[in-house]
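Only one structure is covered here, and it is reproduced in the block below.
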Amino acid sequence: MKATTSLATSTKDDVFIRGKSLCEELIGQVTFTEMTYFAVTGTVPSLAQTAIVDACLVTLMEHGLTPSALATRLTYGSAPEAMQGAIAAGLAGVGSVFVGTVEGCAALLARVVHGEAPEAIALEHKTSQRPIPGFGHPLHKPDDPRPARIFEVAEAHGIAGPHVGALRALSIAIDRAYGKHITINATGAIAAALADAGVPLEIMRGFAILARCAGLVAHVREEQTKPAMRAIWAAAEAAVPYDPKA
Amino acid sequence: MKATTSLATSTKDDVFIRGKSLCEELIGQVTFTEMTYFAVTGTVPSLAQTAIVDACLVTLMEHGLTPSALATRLTYGSAPEAMQGAIAAGLAGVGSVFVGTVEGCAALLARVVHGEAPEAIALEHKTSQRPIPGFGHPLHKPDDPRPARIFEVAEAHGIAGPHVGALRALSIAIDRAYGKHITINATGAIAAALADAGVPLEIMRGFAILARCAGLVAHVREEQTKPAMRAIWAAAEAAVPYDPKA
Amino acid sequence: MKATTSLATSTKDDVFIRGKSLCEELIGQVTFTEMTYFAVTGTVPSLAQTAIVDACLVTLMEHGLTPSALATRLTYGSAPEAMQGAIAAGLAGVGSVFVGTVEGCAALLARVVHGEAPEAIALEHKTSQRPIPGFGHPLHKPDDPRPARIFEVAEAHGIAGPHVGALRALSIAIDRAYGKHITINATGAIAAALADAGVPLEIMRGFAILARCAGLVAHVREEQTKPAMRAIWAAAEAAVPYDPKA
Amino acid sequence: MKATTSLATSTKDDVFIRGKSLCEELIGQVTFTEMTYFAVTGTVPSLAQTAIVDACLVTLMEHGLTPSALATRLTYGSAPEAMQGAIAAGLAGVGSVFVGTVEGCAALLARVVHGEAPEAIALEHKTSQRPIPGFGHPLHKPDDPRPARIFEVAEAHGIAGPHVGALRALSIAIDRAYGKHITINATGAIAAALADAGVPLEIMRGFAILARCAGLVAHVREEQTKPAMRAIWAAAEAAVPYDPKA
């Protein structure tokens, strides 16, 4: 089968994106969030879907001096002529440790939606002593404050569907299985909300990458106006001294 | 002076971004575009500023199989376990050749806004035979259709200000100096619109990177559902044969 | 335990790397390959180890217009002011599909060295119909010509040890289990040779990345002197036409 | 003119690189350094050229916890499944601030070799108060110890030619013009030595990228065996506190 792309083509008079006229149907008609959802999935999102995707992107965007943000700032200070390289360096860290849990949680929710008992999933993780993606937070205790807000947005738009339901059922099962309360965390809520908003599991990481990209632009801007790179470098060197024997 | 960050911090109960509560003031209250503008500039944008930034991001997002999109697809096909690396590879190409013209045009507009005569700038480029950033397009002739739409959005929101004015004045001066019509192109219109929307010149490239990031996520998704990477690779190999003497 | 680094420190008079004086003991005393082995493993390699690592790096360096090389060229043509970004884009594709097989094969060889029967491993792959990392090649049939050369180098230096032996035993077992000859390929030979040269499995990919980095520098140089990026782009666009319905 | 590549092609029986048989003429016959020089320039280097390139690569490889190395470690700790992304993140910082001086110095040396007076170049920099690429070092005073070693290697192999001569003449002119001794630094010596070894100015950064790539592999290995990423992260966060007013 011949490879084709549905994404875009240009004519003398216009640009077409997935069959829509950029000039007539998109610029000025859709927000960046709607355009992203449309380009990625092929469907123009409803207001409710847009609201939930906006809420998830807003939640994911910025977390201060994360490893990603540090990589961007260190790179920008080393090669300010190539802002794109600094952003790329930061995005290279949006991987298994910090964002993989969105996908991991979404996979568990899909199992519940397809009929598996939440109790079985809870027990399986407890027995194998594996962390449960989407649950637990080192700082936000007893509860991560973000899931409640994301669920409110989803409910206000009538979009809290089977995956949010599955996450809640899983939460109850987990608390019972572990005999203590383990909070649903932001990545868990985002996995459920994006799934109910129609974002396929396989591309959820892409939304996290996009949100982080915006945050990294803010870090570049702060580095332009209030540089911290030399302070970061000096602190890191002091924290990890040379010891040839170690 | 001690380095600090205004961007974000976390407490037990909330996350704060530039002094605002993520849970109380941002999630569900602002769109992704508004949040980006706020994180980057420190100011919550007006509806008009948001509309113009949305229009620019929508315009920049997707242009089909650009070198950036090809780099992302080739990388994703080589390392599908690391979607972030594929996006990063594509973003590394958002540099001087394709996006530098936004900054170049914005710099010219700033000169006009600060009182320089557009005629002098037009003449300077004509004499030195340098291309004028923000003007001309190989395919869209006589006129790139996107600037008109971006200006409409800006005007509908009453935000077409000094930089859009400067661009129009520069356009008239250029047509006179060259004795023929040279279209304002999309990057020119975006430079003017973003400047009038309050985006500093130094970080405009960051908005282009963000828009392209969303487009690259769409290319990853298409690669997941309708892979073209092997076809791209084969076509490239055939187009550039081995010749040890060359 | 406090984090430390053994890698490097500077004094007024010298730089020290893993306890050795850069000026007195390294510059002019060791080759780049020896220095790499020393920095990575902490041990100065023997002549035999150096020869085998050189042979593997030479084998891995350059394969023409691979997806990695294409990503580098497309990125360099888009942002020639940032050669480092172009190389980084190419390296982002040195992942599971093309280089993961070195690690996969090394893991199988470790199992044989630790006493598992090669026949069991061969059968396990045949039964599950999984490809066997380090075996088979689409073009080089009946035999990939590179392994024989790598083994010759290893044997000439008396360094063909347990992992090369394991690979040969596995090869015999595979041919028997599948009832036909499946060639040992270059990545298989490299996995065995690097393991016998003392390179830990976990960092083998790093040697592949280093070798490819050198190849990508050559592609940048060719792009500087004989640019092919526009031809690659045009061929890719022609090979993957727009079809909004697809 | 049709685009072609001289770099590599594969046949059923061999791989050819710039017209040479990989199996018959390269594996086991050339070192990694020789292979790199050959792939990049098209010429097999002499022993003298190889020695000088080895000395430069050894000098450039490793400098401890530089911004590049920190970016690699932070990224590796965030996405350990994609070592290539961590190396790519580190390489994205091999830009104008730390490596651009090699090219800058080489450009000055080319001017001297082409007949310009070193005194004029020294005066030009003094008058404009611009730093002179290849001269000065914040720690190594009065003299950076590395240039002497690199020159020794070049002289031992009879390869210290016009560019090393130009650097020495420039050094004398600078000391006179500034009325004090300013050391030739490592990047200055490397610029001169690589130029005399036949490496074109335009691709010198590629050799720096390659050398740093090897160093970054060593940092990944140290992160695998003795992780410092969490300590780096914590130190950076502590050094750059949140201040929403700033």
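Order as written gives the chain letters A, B, C and D; numbering starts at 1 within each chain.
Following the convention adopted for this analysis, a residue touches a chain if its C-beta (ideal position, glycine included) is under 8 Å from a C-beta of that chain, and two chains touch if they have at least 3 such contacts.
Bear in mind the structure is a predicted one, so any value in this text is a computation, not a measurement.
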(request) Indicate the lowest number of steps between chain B and chain D, counting one step per move to a touching chain. (result) 1
(request) Decide which interface, A-D or A-B, involves more C-beta pairs in contact, and give its chain pair. (result) A-B
(message) Please identify the chain with the largest separation between its CA centroid and the CA centroid of chain D.
(response) A
(request) Just give me the whole-number Å value for how far the CA centre of chain A lies from that of chain D. (result) 37
(message) With centres defined as the mean C-alpha position, give me the chain A-chain B separation in Å.
(response) 22
(request) Give the residues of chain C that touch two or more other chains, as numbers and ranges in rising order. (result) 2-9, 64-65, 79, 81-82, 84-85, 88-89, 92-95, 226, 228, 231-232, 239-240, 242, 246
(message) Residue numbers of chain D touching chain C in their complex, please.
(response) 2-15, 17, 22-23, 26-28, 30-33, 35-36, 39-41, 51, 53-55, 57-59, 61-65, 69, 82-85, 87-89, 91-95, 99, 139-141, 145-146, 148-150, 152-153, 156, 200, 202-203, 205-207, 209-211, 213-215, 217-222, 224, 226-228, 230-232
(message) Touching residues of chain A toward chain C in the complex: what are they?
(response) 2-9, 16, 18-19, 79, 81-82, 84-85, 88-89, 92, 239-246
(message) Going by the contact rule set out above, which residues of chain C touch chain B in the complex?
(response) 64-68, 70-71, 74-75, 77-82, 85-86, 88-90, 92-98, 226, 228-229, 231-240, 242, 246
